[in-house]
Amino acid sequence: MKKLNVGLIGYGFMGRAHSNAYLTVSQFFDLNYQPVLKAVAARDPDKVKQFAHKWGYESHYSDWRKLIEDPLVELVDIASPNDTHAEIAIAALEAGKMVLCEKPLARNLAEAQRMVDAAKKAGTRTMVWYNYRRIPAVTLAKQIVGSGKIGRIFHYRAKFLQDWTISAAVPQGGAALWRLDVDVAGSGVTGDLLAHCIDTAIWLNGELESVSAMTETFIKERPHQLTGKMTDVGIDDASAFLGRFKNGSLATFEATRYARGHKALYTLEINGEHGSIAWDLHDLHRLQWFDHKDEGAMRGWRSIHVTDGDHPYMANWWVPGLSIGYEHSFIHQVADFVNSLDEKTPAEPTFESALETEKVVDAVLRSASSKKWENV
Amino acid sequence: MKKLNVGLIGYGFMGRAHSNAYLTVSQFFDLNYQPVLKAVAARDPDKVKQFAHKWGYESHYSDWRKLIEDPLVELVDIASPNDTHAEIAIAALEAGKMVLCEKPLARNLAEAQRMVDAAKKAGTRTMVWYNYRRIPAVTLAKQIVGSGKIGRIFHYRAKFLQDWTISAAVPQGGAALWRLDVDVAGSGVTGDLLAHCIDTAIWLNGELESVSAMTETFIKERPHQLTGKMTDVGIDDASAFLGRFKNGSLATFEATRYARGHKALYTLEINGEHGSIAWDLHDLHRLQWFDHKDEGAMRGWRSIHVTDGDHPYMANWWVPGLSIGYEHSFIHQVADFVNSLDEKTPAEPTFESALETEKVVDAVLRSASSKKWENV
Amino acid sequence: MKKLNVGLIGYGFMGRAHSNAYLTVSQFFDLNYQPVLKAVAARDPDKVKQFAHKWGYESHYSDWRKLIEDPLVELVDIASPNDTHAEIAIAALEAGKMVLCEKPLARNLAEAQRMVDAAKKAGTRTMVWYNYRRIPAVTLAKQIVGSGKIGRIFHYRAKFLQDWTISAAVPQGGAALWRLDVDVAGSGVTGDLLAHCIDTAIWLNGELESVSAMTETFIKERPHQLTGKMTDVGIDDASAFLGRFKNGSLATFEATRYARGHKALYTLEINGEHGSIAWDLHDLHRLQWFDHKDEGAMRGWRSIHVTDGDHPYMANWWVPGLSIGYEHSFIHQVADFVNSLDEKTPAEPTFESALETEKVVDAVLRSASSKKWENV
Amino acid sequence: MKKLNVGLIGYGFMGRAHSNAYLTVSQFFDLNYQPVLKAVAARDPDKVKQFAHKWGYESHYSDWRKLIEDPLVELVDIASPNDTHAEIAIAALEAGKMVLCEKPLARNLAEAQRMVDAAKKAGTRTMVWYNYRRIPAVTLAKQIVGSGKIGRIFHYRAKFLQDWTISAAVPQGGAALWRLDVDVAGSGVTGDLLAHCIDTAIWLNGELESVSAMTETFIKERPHQLTGKMTDVGIDDASAFLGRFKNGSLATFEATRYARGHKALYTLEINGEHGSIAWDLHDLHRLQWFDHKDEGAMRGWRSIHVTDGDHPYMANWWVPGLSIGYEHSFIHQVADFVNSLDEKTPAEPTFESALETEKVVDAVLRSASSKKWENV
């Protein structure tokens, strides 16, 4: 089997999820290329060494530029904070590498556009880690929409609810909490959580045309983790928007980190002429499906336990009834990416197609600021 | 419209539920006879007067024999404790009245048999208040089984779980707590709760052939409410049995008043060749339905919200989505009884058909005592 | 017991729900006044006669003015279509009657304001049938918010989803389908469904300050039921808005009749600092409650089965575990209204307090048209 | 880090699950020994070679005796069909190896007893793969019971429902379907599914004393996969029992492969004096918990999303709200086993403690045959 030499940048939460995907994908999926954990780069020399050892990376760097210069590395995977995406990606693309990048693509639309331009110029394969597309239940939703079973779509609504920043004592900034630091993250829940909802929505229901948004920062000042000083909070704690899709359906979207009792409740629902679909991340192995064509008195929402051999990706795992978890979405994404390498069509979403999500994020933030409807 | 003159005996929980059914049934169902609240009888003269006034009963008695002697009363409805059922029913039948009786029919099989004999001799209409048959979702389950949609049945399981007697301080006996007094009740949860499960099971899945049972009394002594003295507890606090239905399917049944967190959780599930049905009383307006004939990847348990115009009884109520409650099962039972009066076939279950449930109850108690399988 | 003589106008869906409340409230609640079904008025002389007979109204009129002139009638209850509310209510108030009115108060804010003015002038008791406040689970939510258990509120979201007008063949207008006729209804789902959500929200979370809304009419033309001619549809089929409450919390609201699989799914959720509450009408007897003060590893959303004696209104009904239905909310509202008659403070919502909902409805419709944020 | 050299026997469903555990455990748990995939043995030389290559086993054998003779192998892991367990385990123990064995320990009590005797004699570490103990939600249940939060236990009920053998066309025997061949499997659902339920029950609630059981074989003849001939079915398709635990609580257990709509629905529920616990494998990342000590009107079943850092094993995985799957229970079991190696107390269940489950399985099968209560 041919090899695919991977160089990872970043060893946080996402660095682990990606590494696990590269490590185990070959045992469960038939691939033309076996991912090899070639190198890892991150700022702290001791920690990156330890990480490399734990996961079996053959080499490690404390400067990501070294990793890009490493001729053995074919694919650069960016799992570091948002403020590094553009610089690293463009350098890697200029070095002729394939580039995978964590979402959101960048801190803002301008950065993202530059990355897309670099990708076009380089002509190498790119992909953004919008991993929820590869949760089997979500992939099944895509198949249902594609089959025409739900007909004309009237409504698409999505929410991403968390509750981990409610305490005013949570600091911002630093390695662990960069998501609260607007300079690093670019935005708050809009880029972090809504971006996931938007990516899935575009995939399932097509592009958005216009939005009217509202954002809020409930806690205005937080101690900075590095300096200890009280610092203005620049991110949005909550973000919601109304919108219109190009296909005429209506959008209602919301994300927040102030919804007590919800850890990572990403929910989506689609209402069509003949049926409806609903899904949520807290029970990621189920898909809710309502089929109006069922016999009248027997109609009801079906709770599909998406663990059967005829469900997307599931024949590669265990037996019916036994569920897989969050991390498997990354494994599926690697499998799809690797298997696309010998094909003409790239695995989605590429940098270019992920730019559409950045455009919506940008319109949302513009609208929240202008208090007007904004076009995407 | 013709009238149906009702005489009620007992003004407790069931006396209220029945009175409400007689009072409101005509506003929601087209009937040939309008029930008239003619008379009520109960031991306490003041309370029965008050009850009569509240509900609009035209007369009241503190001696049930007077009510039976009242020539205006056409139908005697027995809502008093179990130890009074046989005597009152037989007297009423001998007086040529129609008789409705709360469940269980009697304290034991011998009493129940005498009531059935009296009913046969009298030739008047009888009915037992196994009201759960008329919860729309349960009636829908009956229609599904009858339609052949589920095919050969393999399993029938039912539970009735409560938690109100866990404290050793709950007394037994007296007006409110006669259900804990074996002399009045006949048995504990077997006659009180399992009897409901058994009635529905026989209705949906046919007769039982044999059982192996286990009962337990967790609290062995309780203060008697009237005397205050610690008294041995004679009832079963919990009762469970395995069984075989005549159609070859297997039975697993359980009832208890020691299941924390369950107030009145009556659940039933039927597993057949082509489909399965499940229902529970805590969400009585829903029926769970699994259809194996659905397309493979789209199979799932459907949660049917049984509130549509094409669902049993529901066209008589509000609009789709708006649920009715527990008490409506009594209204439906009155409607069915009244509408059967001009027909040849009586409304079910009659005393005679309810005897089958008493036989199973009897076999369960025999088996719990003999520690052997017992035939019904 | 003193009497309260009721005159009902309208015998449709709401006429039945109100009549049932007057008929049965005295059997379940201790009241100072017993409602008496004195008179009913509606356009069709035969049908109103039949209705009066069925429910036991002592007299009936085919002209509502006659009912208002009837000196025996103390309270006028308006259950006729929206276009009649203002005229009838003002006439009844001028005649010195108490007036109960179905929601929404009127077709638009101007009409509603005139009704409020008339009520102030008359000085008699008024009430609007926002019945969902009296679903026990919703009342429990009010108690929780009032107790301070959830602390500062960050988010309030509500949806009312139906699916009954998706077919283009559904006509508009006439007695049954006046809700689709803008001249009669005033608006579509905004006044019909969102108004419910807004009333509950104001009750639970205080007043709204500003909104940004979007409405849509998916089916642009429908046959008129009376004329058969294809006619432009003037109502909104779907309506959604973002908003800000005066207490700083964020609002996301949506209503539609184009959400397949949802018959009458009114859901609300409140996220506060220390806890969250959620409820939906399809399982109206349950309240979801998350308490952040629970021990860390044991935290979870509690599904409270609101059927216990210590739950609002429930001690008046059956025993724990046995649920009541939709119609009981009307019974509770009558009980509260009647019991307020001898008190200084009127039962809520009065015409005056319900005007706040009309203001929000008005702001929503204005915003949908202006495509701007509008103040309430 | 020290190494632990593993030799696996069997490459089916369980062989994959175990291999995955050895491969990934070190990346997520801090261990004193790193498992090394040293050797794998299975009958088919080509397939075992392919399997070894896929998973990175350093060597492979088509004769398991060779694997046991391999001096580099320290631990023998038996993932082959039930009829091989005793022979392999005893040989491995005699060779001084540590032995891990798939459940059930053996085909019958006599075989299991011989394995336990051999383990005692060898004095090496053993463990049986009752993996469900290490589902975080189930481990949390164990912690709750241990904390005394639920008090005296009244009821323990468990079910394991599947539906994959309903078609009479499913053959028995051969590599894939040996679970239907009584000579290989020893019994049907009793040893395959009930054994899981019994193991967890003993762990959570202590030993069983006596049982009354019922088994059934719905399909009496099936084609044999190897010969194609119609052959009597020797296994039990369904099995249920009532029982009494030594602590006085009551048991109701059931397993079947004839419950339409259930793929692998293992459910358990415990009712105690102060609280109740429920769990099911179809939503394995949740634990249902009812606490009677909660404030009266606020009591409800809590749905605990067992994905937080303070939940068992979960700090080693992702972030709150992101669930893990079935296979992780094996990873946890390896982690616990490896970490116990330097400790005095072995990881549970050892062969010896797993024998208790075999005794209950034996009593169940005896009772089903004798139609009497049987002591364990």
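First chain written, first letter: the chains are A, B, C and D, and each begins at residue 1.
Following the convention adopted for this analysis, a residue touches a chain if its C-beta (ideal position, glycine included) is under 8 Å from a C-beta of that chain, and two chains touch if they have at least 3 such contacts.
Predicted, not measured: the structure shown is a model, and the values here were computed from it.
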Query: By mean C-alpha coordinates, which chain is most distant from chain D?
result: C
Query: Does B-D or A-B have the larger number of C-beta pairs in contact?
result: B-D
For chain A paired with chain D, centre-to-centre distance based on mean C-alpha positions, whole Å: 36
Field: Separation of chain B from chain D, taking each centre as the mean of its C-alpha atoms, in whole Å
entry: 42
Statement: chain A to chain B, mean C-alpha position gap in Å, rounds to 55
- request: Could you list the positions in chain B whose residues touch two or more of the other chains?
  value: 262, 299, 301, 305, 308
Field: Complex contacts: residues of chain D adjacent to chain A
entry: 13, 16-17, 19-20, 23-24, 26-27, 54-55, 162, 164, 262-265, 281-285, 305, 307-308, 317-328
- request: Give every residue of chain D touching chain B within the complex, in rising order.
  value: 150, 154-155, 157, 161, 163, 166, 212-214, 216, 218, 238, 240-242, 244, 250, 252, 254, 256, 258-262, 271-276, 290, 292, 299, 301, 371-373
- line: Within the complex, chain B is touched by chain A residues 140, 143-144, 287, 289, 291, 294, 296-305, 308, 310-311
